[in-house]
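In the two complexes that follow, chain A is the common piece, with chain B as its partner first and chain C second.
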Partner chain A sequence: MAILPPGVTATDFGKVLKEFEAAVGREWVITDPDDIHPYRDYFSMLKDQDDELVPSAAVCPASVEQVQAVVRIANRYKVPLYAISTGKNFAYGGPAPNLRGSVTVDLKRMNRVLEVDEKRHIALVEPGVSYMDMYRHLEEHKLKLMIDTADVGWGGLMGNTLDRGLGYTLGPYRDHVNASCGMEVVLPNGELMRTGMGALPNSGAWQDYRYGFGPDPSGLFAQGNFGIVVKMGFRLMPMPEHWRTGLITVPKRRDFLPLVDMVNYLTDLFVIGEPLYSSPLQPLLSDAAFRRAALDFNEAEMDRHAAASGRHSWQVELQFYGSEKTTLANWEWAQELIRRTVPDANCFAGDSLKMPVTQAQIDAAEHPYPAPYSSVMRRNVMHGVPKLYMWRSPGRTDDSPDTWNETHIGLFSVVGRSGEAVFKAQKDFQDVVRRTRPGAEYVSSLTPPLQWHQSAFFIGNSFFGTTTRNDNSPEGKIRQLRELRQVLKMNAEAGHGDYRAPPLLQDDVADQYSFNNHALRRFNETLKDAIDPNGILSPGRGGVWPKAHRSRRGALRK
Partner chain B sequence: MPHVPAVLIVDERFDAARRLASLAAPGVPRVALPRDVFDLWHGRLEEVCRSGDRAIAGVTTERGFFLLQTLAAEYRLRVLSSSAHTGSLVSWVLGPG
Partner chain C sequence: MKMLYVMMLAAVAPLATAQETATVTRGKEVFTRSCAPCHGADRGDFGRAMLPGTDALRIKYKGQLPALLEQRTDLTPATIRTFVRRGTWSMPPFRKTEISDEEIDAVSAYIADSARKAPRTP
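Presenting the complex of A and B:
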């Protein structure tokens, strides 16, 4: 037993493990370091160091009653728990807990699809159901429903949702929290609670109406630590008859503003799915004169280079779900809308496919548009098809086999959904790079926003990237960690907050949201202390520390 | 080798992987690592791992190793051995501890 939960003696922890074994079965209490290994963050910046966020043990309950038993035992001995569904969220810490020595509650054995109603477009699942599982369930039962999947299909519907994961189809579905409807939760005292209509005994509308009556606490469980969610309802998108794409390009840098306005309009009328913005000017960065103009945000000069090269400055791929006729009418409407404000916009028809599409259609090598294209991965997820592609980011790459990136972190700032806000963020992020790495050259003026969420943009500072680079030595990783913390602080000073973070950086991101002397965090921690007085559930998750462990806030800052 | 692997997964894009594979586990059924592991995992490997008493082996890149190691861990398969080779390749065996 190499690691103990904080504040728990070896003797007591031995008793805890025995009681866990009695509750879930001996083979499902995991203490051997070789078996604990998968519960670490494979890409941690603190890997193999004394303060790496590793659990002391893992316990795998198979039922709600077993989860309740585990929670009650933990409460008696004040053992911190950290619950995971599939624990595959590797850009955000994977299965690693916020507090070293926590006991991981691995819910993978609870992996039943409890209900799918094809006519009401709803499902009820257990925590261990992955996107792959759900997709296969729909396929096997020939149900005309779609999932909105995470990038890698081994993610869990529930875990991704509780981390506020996002997707790629229509807005109400790709905001996974928004698509959830009804939860069953084991509270820190072991009691079972249902939210929404689930609180009404014998209700037949649990997955239809999420609110029920009175305050709805379901939001507390996303990026929170107020309970262990053991069932969750979802609204699923009905399989449309047809899918169509179209690409719109606009010639000048400032045309981005009316382009965003038009896309927002169609988005909020629920006419289009996730739009994909990009800039066709990326290849011009090899031209020193253009690069200089892009670095200086010299818009007139950038426009001059764009015109001279015959390229447009921005483009957006739109996707339409519906019937063949409605998707065509909506695509024609989108063209009409953009030409009202940008008369010299170009419009290219893309795919027009009967749904569900075949894998061969998804993999079709012939692209209907000018570059840059949607990736094959994106073409899959737009159709709710989960994949297990070998990752491009972490690890050695085929193109550069001697480059080994050992760390992998997703950091994306929330940006207002307007062209002006994107332009400001581009300048802010370039300024952050200039201040963090004096002398470094980073062109951010072509960085497009990501619209995973219906009503907000996300922008990653790609200089620091989702995969951090450079020095893989322990000291090098610590330097990268410090640098990222500095970046998060600077982002906040410019008004940009991150939407997700791995446990290692959650205190730093929580620090960004500091209005009125951290009134939000103080409110959350007041609730936490009332609901979880022993502070046993996921201490530190979302930056919320219970009184018992509050002194540990920021303790990992080196 | 305490556990004879039920299958040997080879990243056949690399000549070196094919060579290493033929040396490492002659006679073991060989399967090419596809770009997307979804069908291979659900169609073949998951069943092997679920059995709890069989090993799988491979010669892949680090990324392929990570992917399969993570999937196999769901069934408590451990890394029994792994060796890095030049050209980004790793030969490995996953099996019950």
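Presenting the complex of A and C:
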């Protein structure tokens, strides 16, 4: 069934499509329902419903000039557009727009690596460049640089960054927005703008200094709808000489607090890459008495079980990038630091590898640590090697051979970077599950924080999404969506806001950032109306609705 | 006249083979870039023997069909195009900007060629 952009007549839309064809070529204006199918969110909880977020058409420009032409045409007819780069943002909506009937601007054909400078550690890329493309480019040209890749390597540098994606190496690089440097943007009126030093004609420092002079609007384009980014610069990590890992374990539950303090210290001195926290007590949950203690947050009893089992309560894996000597010195320093506050901590040396590592070294299956401790480190991403390994998560498993996760979704709350904040979040999340699904048992006292970001923790909260295989009937999916909305609301009441969300839930998340009667949202929407008066660029993205479509805020709340 | 016809055939036949070879070569390139990261023969992470797509097909077919696409003799170009464009289970659909119809057909030719040449492994 043909879908029209909201507020656009069939006659006008016919003219729009003709003009798009003149701009990009007939082949690259996509209207056939079979060809539109891949532009839907394959994992949508509203799949096949009347209000599923489906585009009316897709247009696929191959150059900046073509993007400008598309935007100018859309402006004349007030047709909402939704730009995608590689379109692989699964778990966060995939390629689907925020507003049903938008025309998707598919930038995948713009897939050139425009520049890489091995000595300045910078790159400039087009939207369609995936992490795998970039890795191939570095390999083929034997460039001694690393990328900080998303978990699933078919994603793109630009798209992931513009959704505030995060990674796994050193802090300044794994915050992908932080590692970006300089943008070229097609504004809603079709004009071309460069940020930072790119605004200075003939500057040779576009990818060296992000800010230029005066206010820097580049942050507006991440999770925003103020322009279509068509070029983006990145700072890349130089290939270090050596990579070393080590594992630290601490015996008692409360030892987590000084452990986090120590890791924070090393993190903020840029001594370590992403630290990986986990609890070696997870296997004890099959013991009913321990499980009860864990559900009750009975710390004394949990410690007693831990000691009886010969396991420590928490562990963190550290990774050091540098030379063989500096990584060794830093590992020794980390051991010294933790033993100052937790004298009975254990420290186990892990891998010590010359960089770049070989695929065979990455694939080495043996865990370097003595039982009962093991590594949870995904070595490929730690070495900037993009893979699709994580794509096993929504698929068949030996335990569940006849189901798959049809509503694959990622939801993570931002949590303050302290042990106390993690313990509070654990209790809050368990309480949220108890209130949402009375009778459901959810053990969260062993849930570790994820430190994808340099200075913040993240804890997953898609309790009824990725973590369980649900009723996949249409009604079951809608029930799941309602539960997630309830979860987001309750989490926010406890002070936990999400950092990212699929279009279906972006209004819900944006609603939670409500300080002073939504001053932030009102500010963003004032800007939106000034910059995009016809409201044509990605209406609703990031919870920012232009005046023309503002009445649609929250319209998808079933 | 008959001799001329034979000579023409002899001239055309190697050309057709060259085209087929070029298609298979192109198909292998596309397969390596777009399919092998999930459906190739490499190992998975954490000691897993297979990549996600290969492992999913192992679980699905329980040995009745090969888990590796490059060993499948039953995949017609139409079937492959349907899977790529529509998606199947956890494999999402792919857009024409990601892989063209011509590239899908080349992948089909490569898989057929590969399956002929490579014996099935358990």
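Here is the rule we go by: the second predicted complex is superposed on the first by the 541 of 558 C-alpha atoms of A that agree within 3 Å, B and C clash if a C-alpha of one lies under 4 Å from a C-alpha of the other, contacts with A are read in each partner's own complex, and residues count from 1 in each chain.
Note that contacts are C-beta pairs under 8 Å (C-beta built on N, C-alpha and C of every residue); 3 or more make two chains touch, one makes a residue touch a chain.
Predicted, not measured: the structure shown is a model, and the values here were computed from it.
In the superposition on chain A, A:A10 makes contact with neither chain B nor chain C. Of the two partner chains placed by superposition, only chain C is touched by A:R378; chain B is not. Legend: residue contacts after superposition of the two complexes on their common chain; A:A2 is shown touching neither chain B nor chain C.
Contacts of A:A288 after superposition: neither chain B nor chain C is touched.
Of the two partner chains placed by superposition, only chain B is touched by A:D32; chain C is not. In the superposed three-chain model, the partner touching more residues of chain A is C, compared with the other of chain B and chain C.
Residue contacts after overlaying the shared chain place A:A530 against neither chain B nor chain C. Chain A residues in contact with chain B (one complex) as well as with chain C (other complex) are 34-35, 37-38, 42, 88, 108, 132, 153-154, 387-389, 391, 394-398, 401, 404. For chain B in complex with chain A, the residues that touch the partner chain are 13, 35-38, 41-42, 61-64, 66-67, 70-71, 73-74, 76, 78-79, 87-88, 97. Residue ranges on chain A touching chain B, taken from their complex, read 32, 34-35, 37-38, 42, 88, 108, 132, 136, 153-154, 386-391, 394-398, 401-402, 404. Those residues of chain A that touch chain C in the complex are listed here as 30, 34-35, 37-39, 42-43, 58, 60, 86-88, 90, 94-95, 106, 108-109, 128, 132, 153-154, 363, 365, 378-380, 387-389, 391-392, 394-398, 401, 404-405, 408. Note for the complex: chain C touches chain A at residues 33, 37-38, 43-48, 51-53, 55-56, 59-60, 85-87, 89-90, 92-98.
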